[in-house]
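The structures come next, written out as structure tokens.
Two complexes, one shared chain (chain A), two partners (chain B, chain C).
Right after this comes the complex of A and B.
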């Protein structure tokens, strides 16, 4: 559900984005990378911009960093308008996708660069550099060149370099995408640890839903230069408001159903089996009873049941994933439904092909989409 | 028994290895013939002529050019010193030669500096163009290279001579009332050489900049560096190899320049190549010409070592 409490104007926001747009090119070749985006990022939170490539998340990050200037709208950092200020005048540091470490400087010189540019005294630079090296556990590599350390180590140095000047906000542009799976998992918890220890606001850009769900305090899902929905990971996952959000994050069943009644934030919808169940409505949406809407049911929110089934389906196939088994059902000619059976150790959860099974959706497991 | 057999087999193996080694060694007996074309070029086109120059520099000049096969150190003596015509015992430094030497080194150095100063923004401009445009700019830089050097030098003459483009323009605009003498000065030589050799600086510097990751510049700005600091601490150190290559490529042909000082410097502002030509022509002093040519070679070698030691050495310190 769109979180309205974090809207522009809120007092404890570190960053406020007001009606921000960015257009690249001119005339027919113009490309609207960011389209009227408003957003508040709270002090000290781990905020993630999630979306596929080309959705505008990196553009938004670059506008906050100051690498690009907006076509319209405002960026306010710590209560201060930063329009027209370059990256070197903003209390914000960036961790780049491919680290962008200075190849001609040692690890220690890379980390100390920001402090040197700020004109800090040599003793303070040395002391902070050592503290940062310890923070990312790279003390032994201080005298090495970036080309002499591994990708994961370069990642740590890039983090230390961006954290050393103690920025108010750390911007991270897909920093883990170049790492292999094992290192990525390690760095995910490392990033969370660093964020907790430093208390700095993190703005993290990724196209990886798992990264977003596991690390973030809040997520903004972006597509086509707009923010479709923002909120806590559980809100985004359990109550996607738009088809794109539901589809992009996790596996989803979409069903077209009839809306029977509306009671404030919830509604009664008629499921394929004929019975009605309670569904959550997206905030601000009040459709007319009798209209047709699309609902979302997550595969793990449905289970096979013998009695009180919401609807029935024919088993098409079953796919064993280890932790669970995906049961693909045919409800009618047009509708398919996937449910997930947890592997409890008793059997593999599969059902014979062609058999009829009853499906029961958990309470609160039905979400109505906005469109 | 098994042990003996084992030793036997290893012994046989060793024997086979030896045979293979000997065969390989023998085959080296004729393999060097394959490098004959390269050796021929090295001997007849590179080391040979150099050796002849070296030998000529220690012979005695013949009356109408050429040499007499009689060992003499006079040519080398003449490069740096001169005897008084009336009193052969009075030895003084040969200032006319030394000033030509100094002018050559100094003009070549100044040309290198001018090319570096002009080449940097040019290379920067080209490397920041969109990919399609870059090739066009590079082509424009190299086109003058395809034009004859003498024609290009005459073109420069046309621009800077007393009735040339610059002087007539300034006089028509009433900014000056008599032409500024630019022809037949060191300034004219500098303009000519910088114009001719600029591409040799632009191309390697461009190549180095082309490899420069623009995100490094963004990282610099992000870490509170000003434009100047980004230039000084990130761009310069990373394109330095291009500058070193460009400096060597400009300095060496500059110091050996012949056409440009001849056409733009006139008879008085000679450079080393003009002096050498004089000795083999009107001067009829082939040994002195040969000694001067070798002096030029030594200067180039010293300059190269100096470049690599100072600029290249700095690099090592930074990378070590």
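Right after this comes the complex of A and C.
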């Protein structure tokens, strides 16, 4: 079905999503699960759709898989319009959240199912099944039924089953959410390894920011049926363009400040201490000098300082987290600021309650929000 | 006190044991009596004279008994097979599609034979089939097959539907995702998983058809007695232990099918 070298490509994009919308129900009960989404997913990348439940990420995945048909817009896979095609006619395979292994078939038969449906010769099915079993290290379990293996092993079989027909794209619908923490960490690196070895484009859906940050080449953050921001994990984390993105990923300080000057992609903002610092502007945003904007400062991008403080705060409390300590400061009646101090072994990084401390923000640590 | 109330058990009610025993006695003593007297040497239903298999022998040698048994079994298998096929399609259509207006209505219509008294169905079929008989001249087993099939559909439908409702819909999605077309999805995934429900539906329909007296009585033409209507006719005249023997065999067959039904429907995917 899916020889990776066949068919016309459309630039570097394996998947093109163009102005895609999906509305469930009609009239007053209509629910817009996906709202005019456009997106390009590059060949061979690990792409993550990240967002809370109900944000539309699973709907988008289903539209790519063909389980749902769009209300408007286009899905293009490998340069080919797939509108109207069912899931069995698309060169994509899915790893389901509950794995959806066929309970009446053995592990080997589950893995070989896709090739069997494609009408491949028996020898090829057997050979590929063995290769897939080895790839996910499940050779010893080939003759077992899914009910006779553990959740983590079922997960591996589901992966092998979806990879066996050599799809152009592998869709993963929160595949790790049913595993316990230790197993989830293991499977994260396992997934990365499989993606590197197969070179297949992975589209991964999750609500877990850590999963998204550690595994992805690029992330699209979704909310309310829209993509709010997409980019590399470092871009998303260090330069969130919207409040939702900043809030959803990592811990964040929001401060309302005055914008003093704009120089292209950066701006000068007046911090609570009175001095000005350089901040990064979101792409395409050019606010007027003198206007008020919200800025984001990550807790680890600020440090306690004796001199050249950007602003001062009063220690309200300190929370010890092991690797670091969170210092919660009160800047004014309205503004709070959390600062993260790495624990180096000398003391616990805490400061006495009520003491005044100076805070210095690292260069490049200030990001202006779009809203 | 509070603890005792939380652990409320129906078995602690006064008289529970005696009522339970009485219920079982009422249920099983008549049947046990029937079975015991089928082995009685005498022709009496009340006086035990000694063990004998002569009534079984008499039943086996009775041509009429053989004829009606074969007819009843053939009818039950045919009608139940038709009903199971129809019920499978109905169950798929009422569980595997998006909710559509009138779905509950269809559910009620499929189950209609469960609600309508058998005499009403019987009378209706008698009148309806009489018209067809007159106009076509056909008087064969087709009427009984049709009547029994229709009557068995809800009994076959219920276990199949129950099975489908507990079946994970993503399994069929997964099959489609792995390049199976609609037929292949049904053939390799839905049907194998549905099979226990289908078999259970078939067996339930089989027993119901074997057992149905009222509708058969209304619909049958001359010479179309089934085992059930034959026994009813015999008992109206004289009661001999031969009937006990036949009833006991009947009971055995039902018991076997019911046991099979439980074994099949207990299997979980």
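As a working rule, the second predicted complex is superposed on the first by the 361 of 371 C-alpha atoms of A that agree within 3 Å, B and C clash if a C-alpha of one lies under 4 Å from a C-alpha of the other, contacts with A are read in each partner's own complex, and residues count from 1 in each chain.
Heads up, the rule we're going with is that a contact is a pair of C-beta atoms (placed from the backbone, for glycine too) under 8 Å apart; a residue touches a chain by one contact, two chains touch by 3 or more.
Keep in mind it's a predicted model, so treat the numbers as computed, not measured.
Superposition model on chain A: chain B and chain C are shown in a clashing arrangement. In the superposition on chain A, A:161 makes contact with both chain B and chain C.
In the superposition on chain A, A:145 makes contact with chain B only, while chain C stays out of contact range. Contact with both chain B and chain C is seen for A:87 once the two complexes are overlaid on the shared chain. Of the two partner chains, chain B and chain C are each touched by A:65. In the superposition on chain A, contact of A:113 is made with both chain B and chain C. When the shared chain is aligned, chain B and chain C each come close enough to touch A:100.
By the touch criterion stated above, A:254 is placed in contact with neither chain B nor chain C. The superposed model puts chain C in the path of chain B at one of 7-15, 25-33, 43-51 or 169-177, which is 43-51. Put simply, chain A uses residues 65-67, 86-88, 92-94, 96, 98, 100-104, 113-114, 117-118, 161-162, 165 to touch chain B in one complex and chain C in the other.
Across the interface of their complex, chain B is touched by residues 65-67, 86-88, 92-94, 96, 98, 100-105, 113-114, 117-118, 145, 161-162, 165 of chain A. Residue ranges of chain A in contact with chain C, taken from their complex: 1, 65-67, 86-88, 92-94, 96, 98, 100-104, 113-114, 117-118, 161-162, 165. Within the complex formed with chain A, the chain B residues making contact are 213, 215-216, 218-226, 229, 233-234, 237-238, 318-319. On chain C, the positions that touch chain A within their shared complex are 168, 170-171, 173-181, 184, 188-189, 192-193, 269.
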